[in-house]
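Here you go, one structure.
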Amino acid sequence: MERKKEILERIFADEQKTLRPISEGAEKWLNRPIKCLDYGFVYLVDYMGNDEAVAQAASVSYGRETKNNPDLEGLIRYLRRHTHTTPSEMVEFKFHCKMPIFVARQWIRHRTANVNEYSGRYSEMLNEFYLPEPSALRKQSKTNKQGRDEELTPEQCATILDLLKEDYQRTFEHYQKFLTLDLAKELSRINLSVANYTQWYWKIDLHNLLHFLRLRLDTHAQYEICIFGEAMSRIVKDAVPICYRAFEDYQLHSMQFSRVEIEIISQNTWPMQEQVMTQILEQISNKRERAEFLEKLKKLNFL
Amino acid sequence: MERKKEILERIFADEQKTLRPISEGAEKWLNRPIKCLDYGFVYLVDYMGNDEAVAQAASVSYGRETKNNPDLEGLIRYLRRHTHTTPSEMVEFKFHCKMPIFVARQWIRHRTANVNEYSGRYSEMLNEFYLPEPSALRKQSKTNKQGRDEELTPEQCATILDLLKEDYQRTFEHYQKFLTLDLAKELSRINLSVANYTQWYWKIDLHNLLHFLRLRLDTHAQYEICIFGEAMSRIVKDAVPICYRAFEDYQLHSMQFSRVEIEIISQNTWPMQEQVMTQILEQISNKRERAEFLEKLKKLNFL
Amino acid sequence: MERKKEILERIFADEQKTLRPISEGAEKWLNRPIKCLDYGFVYLVDYMGNDEAVAQAASVSYGRETKNNPDLEGLIRYLRRHTHTTPSEMVEFKFHCKMPIFVARQWIRHRTANVNEYSGRYSEMLNEFYLPEPSALRKQSKTNKQGRDEELTPEQCATILDLLKEDYQRTFEHYQKFLTLDLAKELSRINLSVANYTQWYWKIDLHNLLHFLRLRLDTHAQYEICIFGEAMSRIVKDAVPICYRAFEDYQLHSMQFSRVEIEIISQNTWPMQEQVMTQILEQISNKRERAEFLEKLKKLNFL
Amino acid sequence: MERKKEILERIFADEQKTLRPISEGAEKWLNRPIKCLDYGFVYLVDYMGNDEAVAQAASVSYGRETKNNPDLEGLIRYLRRHTHTTPSEMVEFKFHCKMPIFVARQWIRHRTANVNEYSGRYSEMLNEFYLPEPSALRKQSKTNKQGRDEELTPEQCATILDLLKEDYQRTFEHYQKFLTLDLAKELSRINLSVANYTQWYWKIDLHNLLHFLRLRLDTHAQYEICIFGEAMSRIVKDAVPICYRAFEDYQLHSMQFSRVEIEIISQNTWPMQEQVMTQILEQISNKRERAEFLEKLKKLNFL
């Protein structure tokens, strides 16, 4: 209730005047949380720069820092195509994010960000634990040792969710009991699970944010962090539309071929019959690498 | 058992020849774990450089990179006294560390290190949870909102430890049940607590390691991470004895005075009577700042 | 001419509306160059955050992120006094700076910034070289091997400035001749001196900027980079007045005592006679360290 | 003379015993300078780790850190193919490098390294300036605004080299004159050109070194820094042969296709007639991007 009022106040705060560059797309997202998982969220707290700021920083290298670049899009796309990444370090985003601890643990591995996190030493942890949707409860993947795959049966889901709820409840009661006994907060919290929610301010430049998104929007990322990646990608897409589109075109949806793959491709006629390919593939000794190449060839309609 | 054999093998591995600089003190610590808390440890996996390497890097700036610096100690101490920290970035340490997740979460905030951590998405978590010694179970500190203070009664300790053990055991059983149901490992682990042990390889240069130690050997650090800081400080002290001594003298055991404190000190005669001081202290409006200053004055026998 | 028009346009650009936090002090400096040395300047291109943003980021750790912190100043000063530096990473500044290459070479050693520099491979270098004021032309310092000291005679100054001007002019003529011969720009420029001006966009967070200022406002910094530090400090002082004041009080004008200095101070009565001190000082074996301590004692009116 | 003796001493230093992992390939390069340009060099001062160390760090994530990984090569290649770069941060190299200042200025832009550089404030600069080989003196490239292209005539080369030599000599004489007048070293050096040699210790981890090499071995890098990249790549190739080979296969000699390129490739039969292609290419509106795609298609023998 309190919380809702606070959010509404933030959203309907008075606009102020500034001489700084504006991103219309980013302004729309300021202070508007996107719900993530059951108790989590992401919202934009502040930002600096826009598409023009990237072009402007690049332009300093050739001595013409004009605000109205005649070919803004061409320049930005050129920079990204050639991975000239320093100009996109000139745009900055600050988010407030709330997520389960196990998600935070993956997230924090991105070291080129500024972070201020909720402290369980200083403050009481909340009774908020991530309880997956039944559809998210999936079997261990057989091909990907760190991934998930098919759905479980409704009965299996129910069993798991019941046990999780029970554990969350009981450990939180014990946590409260420890606090009642006046055990230091920094110790009381140690039996709370990594599904417990934490939150932080997270500030990062556009270059490093896109790197984060590339990894966390990938199919190999854990579903739960992917949700946060998607939320932020919606904001970034509006804030710097030209940069984001170039990122999609040249990185997110790009395909890379290794030296040996290039050799094989350049020596043949495409498409070809799949049987013929099988023989050719012998040139790649590693089984998994072969499978990865086959998949790429199929995406290209080469088989 | 397996584990013990492996450690012994590592410790009694054959020495090899190298042309690289050696630190006798570091060699002694290679592969020898120091126990930390109940299941944790720290050991030195590899290192690069020694006291001479710091002096040698500094010497390049004045064009004389001699291996046998006539005043090695004088130079190193001068560098640290004047916080010329770049030469101490030239020494590197690689540790293998095992610690509870809540300790790892504080540790990882030091961003200028290289890390490879055990993955609960890929591998099964072990049935190892941090159970504090009764003497470590302490009351919430009244002066330090994020610290602990007096001991609890034996009965209170017993209650807490019983509940912790019970929670650890039950949640681990549930974890195993989830795995039996073939729930993906990345999901099964989410009800394990932050007291569960993880481990990592952690590589850091001397400058950043000393910064870590300064923060984590501090009385405000959580006891459980302090234990790991102490273990590493034993190793560093032997590996680069001159650097470590300078660190102790000029940083760890140093004292800093603010502008207003300098003014007050310079306008009076010391020691003085405590009552007189009380009046003078009015110049510092902030209550906590006043208390901090008083404490410093007492350490200097000024009151 | 062109240039002046461009600057005026920037300064009198229309204000736009934003929901972002504003710093009144920073707004005043946007796009207003501060002249540095003969051809150089610094101006604020963009910024993110203000004093409140530092407090707000700190507050997330105790779960109360209120915009109107009752004791904003107390909190910010507490953070800095205890070197809790992460909240001040939440404020960001972007400058456009123009400086001699030898200044840029010292500046770039601060690695935690984002940079886009003018490229001599891509663009023609300008006929702008740093010619020191006669008062800046000083003798090699005898105490500080990397510093300057007393003034030279007017005749000596004239000789030096004449030779510099002559060299600047001739090498620039040769540079232009190389370009006329169609020699690649990346090669033509190699005989231009490190006094030639370059420029860049430089973006950095408040924490790292204050670290930069601490080093570059120091008496040991080269005068020419100090000028740029002072220009930026004027801007920062207005942009985040509470943070800057805390920085001055607890860092810039602070004094640090080593372990042995603390011992000596705590065992004596102050002020004392300088002769007595001489004996006591024997406890510090290093001559330079002794001199440094003496200087501190004098600043405290202890001698 | 002095210098040669010192180098020989370093090379024939006595081997010492160590329990650390060894790289036979790296040992061979310790202290053996590779000449770069006229006065420059690169040599390996120290190193940490080897191919096994990369695999070992990766293995901690799945809880099996065995020294003798059965499929060392398969694992390392898998990591690089999937850009799992953190394990290659576990290997470290320390080089001593001497290069012209304009090369150092490009080099230092790689921020994730540790650096100690020769100081012109502290020490006298040497009379060593980069004088290009006539074959390196080339015309401004017409297609690449920051590159060079065809050779100049012998007469043009002679003219340029004469002017360079003259400038180098005269400015150095003036530098010495300034020093004679007792002008501070930090000022005396400002008329020396960016072709003057500097030197530094440079320490970097394998991941970041390979990133450096990828950029600096590229055809778009300036020839003079490329020479240093090649020198280091020889050392790295011997030090971590499996990692380096994977880097060549999956990064250095890889090819990337954008979203629209993938679409075009997947909708056609290859090879095709170049005229047909011209029409299809209309789908890519940007002229330069079209040219880049055409070039890739030719490399694949698709046209």
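By letter and in written order, the chains are A, B, C and D; residue numbering begins at 1 in each of them.
What we mean here is this: a contact is a pair of C-beta atoms (placed from the backbone, for glycine too) under 8 Å apart; a residue touches a chain by one contact, two chains touch by 3 or more.
Everything quoted here is computed from the prediction, not taken from an experiment.
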>> Which chains sit in contact with both members of the pair subunit C and subunit D?
In response: A, B
>> With a Cα-based fit, what is the angle in degrees between subunit B and its identical partner subunit D, given to the nearest 5?
In response: 180
>> Measuring centre to centre with CA averages, how many angstrom lie between subunit A and subunit C?
In response: 36
> With chain centres defined as C-alpha means, what is the inter-centre distance between subunit A and subunit B in Å?
Replying inline: 31
>> At least two partner chains per residue is the criterion; list those residues in subunit B.
In response: 62, 115, 119, 122, 145
> Touching subunit D in the complex: which residues of subunit C?
Replying inline: 100-102, 104-105, 108-109, 111-112, 115, 119-122, 130, 132, 136-141, 145-149, 152, 156, 159-160, 163-164, 167-168, 170-171, 174, 177-178, 181-187, 189-196, 222
> Contact residues on subunit B for subunit D in the complex?
Replying inline: 10, 13, 15-22, 27, 30-31, 46-49, 53, 56-58, 60-63, 65, 67, 86-87, 89-90, 92, 94, 96, 114-119, 122-124, 199-201, 203, 205
>> For the complex, give me every residue of subunit D touching subunit A.
In response: 62, 74, 77-78, 81, 145, 248-250, 253-260, 262, 265-267, 269-271, 286, 288-289, 292, 299-302
